[in-house]
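So, here come the structures, one by one.
Each of the next two complexes has chain A plus one other chain: chain B in the first, chain C in the second.
After this line comes the complex of A and B, so read on.
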């Protein structure tokens, strides 16, 4: 028997060697990727971006990059909820709204203080405090939602989970929109700007400080999020639960704690997006609807539950909107992405990136 | 006594699978639970490991009641469960999987020591350290799952059908690994369908049929038993 075992070992290592020799060189790998669905879409996107920027001016590129980052943050949260807890979050826009609302109320006194005492330290840090407050508020709201709604549902009934969660999140969204209207009124609660500094010329376009800051906040958050998921123990437990819930239980991970963390993270990211974009989208009850649709476009485009893919997806959707707006006019920017999404759902329902994560179809 | 199951009933919702099941495992033993398809072997292990809630009876581990505890708490008490479907984290590397197995151990030195132990037991895993668990072959996956279970240095290892879907040669290898573990002091409760090989390797066995324990005894004696020979060994 020992002989047979060594024989098999030799046989398999020989196969490994053959695998290595016929393995693809990196050039083949790159061309293979370029001709995959993901590669074609990304290359086309870059091409469109370059052509449109040359034809219409570089503001297309600048606008895309700034809004794309925030949509990507929203979509990351949505993808996280989907991959870890299998929840199709239709209330995600309302966390965006709650984030912008909190930031508005925190920014009011800070803005007044800055107006009275120009040039202080607060002019730099004040907006960051408002954005942080919006983020934390939404993380907290997310935890409450998880405890009060989804934990109770999980305890009682796991049948038809996906459909129940879909209906519940729609209900939550209605409650939160009307709650906002009841308590804070339906008027626009906006600010003129966060950072009161002169605009910066980039590629011949004047970009306000707020937009530049929003872009850097998005990029830094994405990097931070990636580090958290890949290297921290908490992030690893989240990944473990998303890949195999029972397996996570078997190694001693408290799935309950992971669910709380996921909700806090996901809603916190939506709140961060809402708070950072307060200068573009004033807080009002249904402000979250458009960001919600955008993040769903992204999720469908890159494949359900694909967290990493949400980042390029965010920039792609932003580009499509900016390009449509400048070529076809205001109002068309919702039409073209919907058309694109319809085609993706018909011809490539698993999204443009081939994902191995658990999806709605496996449930 | 390490594990004592007393009059356990269990099942899925309204469907009761196990009826009044009682057995025990002593420290350092290698015990098998065998029986035909659908007898409730996997249900037994799932109930002990906390993935299923028992509907009646007691499960005592080191004298403490663990029946009805949540899975991660049972694991923290020192029970490692290696399921039939393995439940690997397919988008993590082999090393990350093993490190997740030591999630309950906070001391990094002890983690590193356990990792070394597992790599010694399965050198193949060391070769595939950086590979994603989803790309491993069937035999390697089993090794991976057993290794992940061992990473927390459990006092009791519950193993569900390690030979399922493996070529006979790899089955032998898995059995050899389990025997080595047992010799090094791990207590193992094994569920198997391959009755011949199981009875050769284990010290004691229980036979589960239609949710009830019908026979128990020393493995060599069971191998000579008329009923076992006729139904399971086919001679």
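After this line comes the complex of A and C, so read on.
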């Protein structure tokens, strides 16, 4: 940790940076960005998206945009957990699962009501209630986890916090998966759709209302999350703790409360993703594995603990998977990412956006 | 085991010391050797579970070698085991070479993968290795499912048995004990050497180890490769014992099983995982057969045990054992047994 601090202090002192920026025109800035790793990747992503959409049809673009937003939400939660509490959340997929399960059980009576009396107010608001219930349930589960597990560990842990947390999240994931199987059974618990409206034609493809809503939910959540982190006091305290825990404690921030908030936010976002995607991913015990895999992929791609980078990362990974699936066939999307990950780890281990987020690396 | 080196040993004690076994360990091993002849355990069915438990235990030792010593968790461990198993089976099927040689091929392939993985990810902190091995594990399982022409996918690959089918499981019991003993011997000899000292230093505090002139990357790669090689070797034995290989064996859930066994046994002790594997597998089977109306209850309990151990008793069973030894260390018999 001390190492990283000195390196960054020597490598790019503030004055150097200011000198550089004053000397550059905006054209130089843009070209400089385009030829950075992040720029190359983003441009390449857009290029691939356009080419693949022309070649295979616009459904590639549509699928990318819809699932990408949700993976970004998952990855934001994961990155938040990592940068604030230094926890590698391998149980994050299980919050996705819990969110979709809650939404399913809330949506059951609402769907029945909508079927009996069509065209009421409930047809518009009902699904939102289900999604909100999933989110709140996961936030609540996150708080319980924090209190029962991670707080206890923090009291007793002496060394190897990161590894211990990793193992604990594996235990949590096993418990939640098998608890689901034990209580609710292993069958698929899905719905046909949230919003029972005709599909909307966009770019010549018919897109169901659910997908459009999922996209807008993701975008609105991201904006809301940004506002919360930037302008609310709670968000500022979270950022303070992620920058320096001891310093935050010194100025009177209750680190304990921040940890609770972080967990609630992070798990709530995963639950929101799960609940919003219930129409694509029915709730079953291991539904969370794929989203977890995707969000870790994003985390490695954009750098550990990089919250903002998770958003473009989510879309990139979604595109990558959609393209792999449509060109190579089902099943290969688990194999190909390894090559990309190896490539990233060899050349850009700190992620394509060269994360400058402080993370407590204590092994 | 604090005074391993300062006692001059003679005769049988010297030989045991060469094998890195304490008298208590040797007695435990002898008990395992004769146990199939005593009533509750002399059924073929039970012996089969014993063999599987020994394979799991040996795997847990290899897992613990990197998790406990250099604090790098191989989260695709089951896939490394499975790669060895598949390689050995395919080599033996295609060229009908002697099975022990095929097993070495399996070990070699896994070692190669371990070397490759280590070279990429072990320059960085442990989290990168966890992620990369996890991705590799999933990818290998995907490959095993997809490459039907080579692995026959989900149908399962027939593998040649060591002994003609239908023989008593007793034939496999001694080879599996041999495999476990060799695994233990190799790992413990390395752990006792200078390499082991470097591993421990890296595992406890990497920055301090760096300051004292250890090149962590090199030692971590060596450690990881050895661990992977043994994983492949054990997997190859499993392949020729079980007779049919399916990609399910490479699933992350299987890795979690190795991980839980190793951590309940006690990280960084090697023997803990092997000792725990037997009661653990027995417990699994008891739960699975007696509570078949509650599917997944055994895994639920593992998860719970893992969390409780990580929070409240990080040393696992080995810590408890050490506590007992320390409590009775004035007793000469106890001291003789444990040194």
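In the analysis below, the second predicted complex is superposed on the first by the 335 of 363 C-alpha atoms of A that agree within 3 Å, B and C clash if a C-alpha of one lies under 4 Å from a C-alpha of the other, contacts with A are read in each partner's own complex, and residues count from 1 in each chain.
By our rule, a contact is a pair of C-beta atoms (placed from the backbone, for glycine too) under 8 Å apart; a residue touches a chain by one contact, two chains touch by 3 or more.
Remember, it's a predicted structure, so these values are computed and weren't measured experimentally.
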Figure out whether A:296 sits in contact with chain B (first) or chain C (second), or with both, or with neither. second
Would you sort A:153 into first (chain B), second (chain C), both or neither based on which partner it touches? second
Once the structures are superposed on A, label A:238 by its partner contacts, choosing first (chain B), second (chain C), both or neither. neither
Using the touch definition from the top, say if A:249 reaches chain B (first), chain C (second), both or neither. first
Of the two partners chain B and chain C, more of chain A gets touched by chain C
Per the contact definition in the header, classify A:74: touching chain B only (first), chain C only (second), both, or neither. neither
Just chain B (first), just chain C (second), both, or neither: which does A:311 touch? neither
Thinking of the overlay built on chain A, is A:84 touched by chain B (first), by chain C (second), by both, or by neither? neither
Which partner does A:164 contact after superposing on A: first (chain B), second (chain C), both, neither? second
Chain A contact footprint on chain C (complex, rising order): 71, 73, 120-121, 123-128, 130-132, 134-136, 138-139, 141-143, 145-146, 204, 206-207, 252-253, 256, 259, 263, 294-297, 299-300, 302-304, 306-307, 310-312, 314
In the complex with chain A, residue positions of chain B that touch it: 49-51, 70-72, 75-76, 80-83, 86-92, 96, 99-101, 103-104, 134, 148-149, 151-152, 169, 172-173
Contact set on chain A toward chain B in their complex: 1, 4-5, 8, 233, 236-237, 239-240, 243-244, 246-256, 356-357
Flag every residue of chain A that touches chain C in the complex, lowest number first. 3, 88, 149, 152-153, 156, 159-160, 162-164, 166-168, 170-175, 177-179, 181-182, 186, 285, 289, 293, 296-297, 299-300, 304, 331-332, 334-335, 337-338, 341-342, 345-346, 349, 361, 363
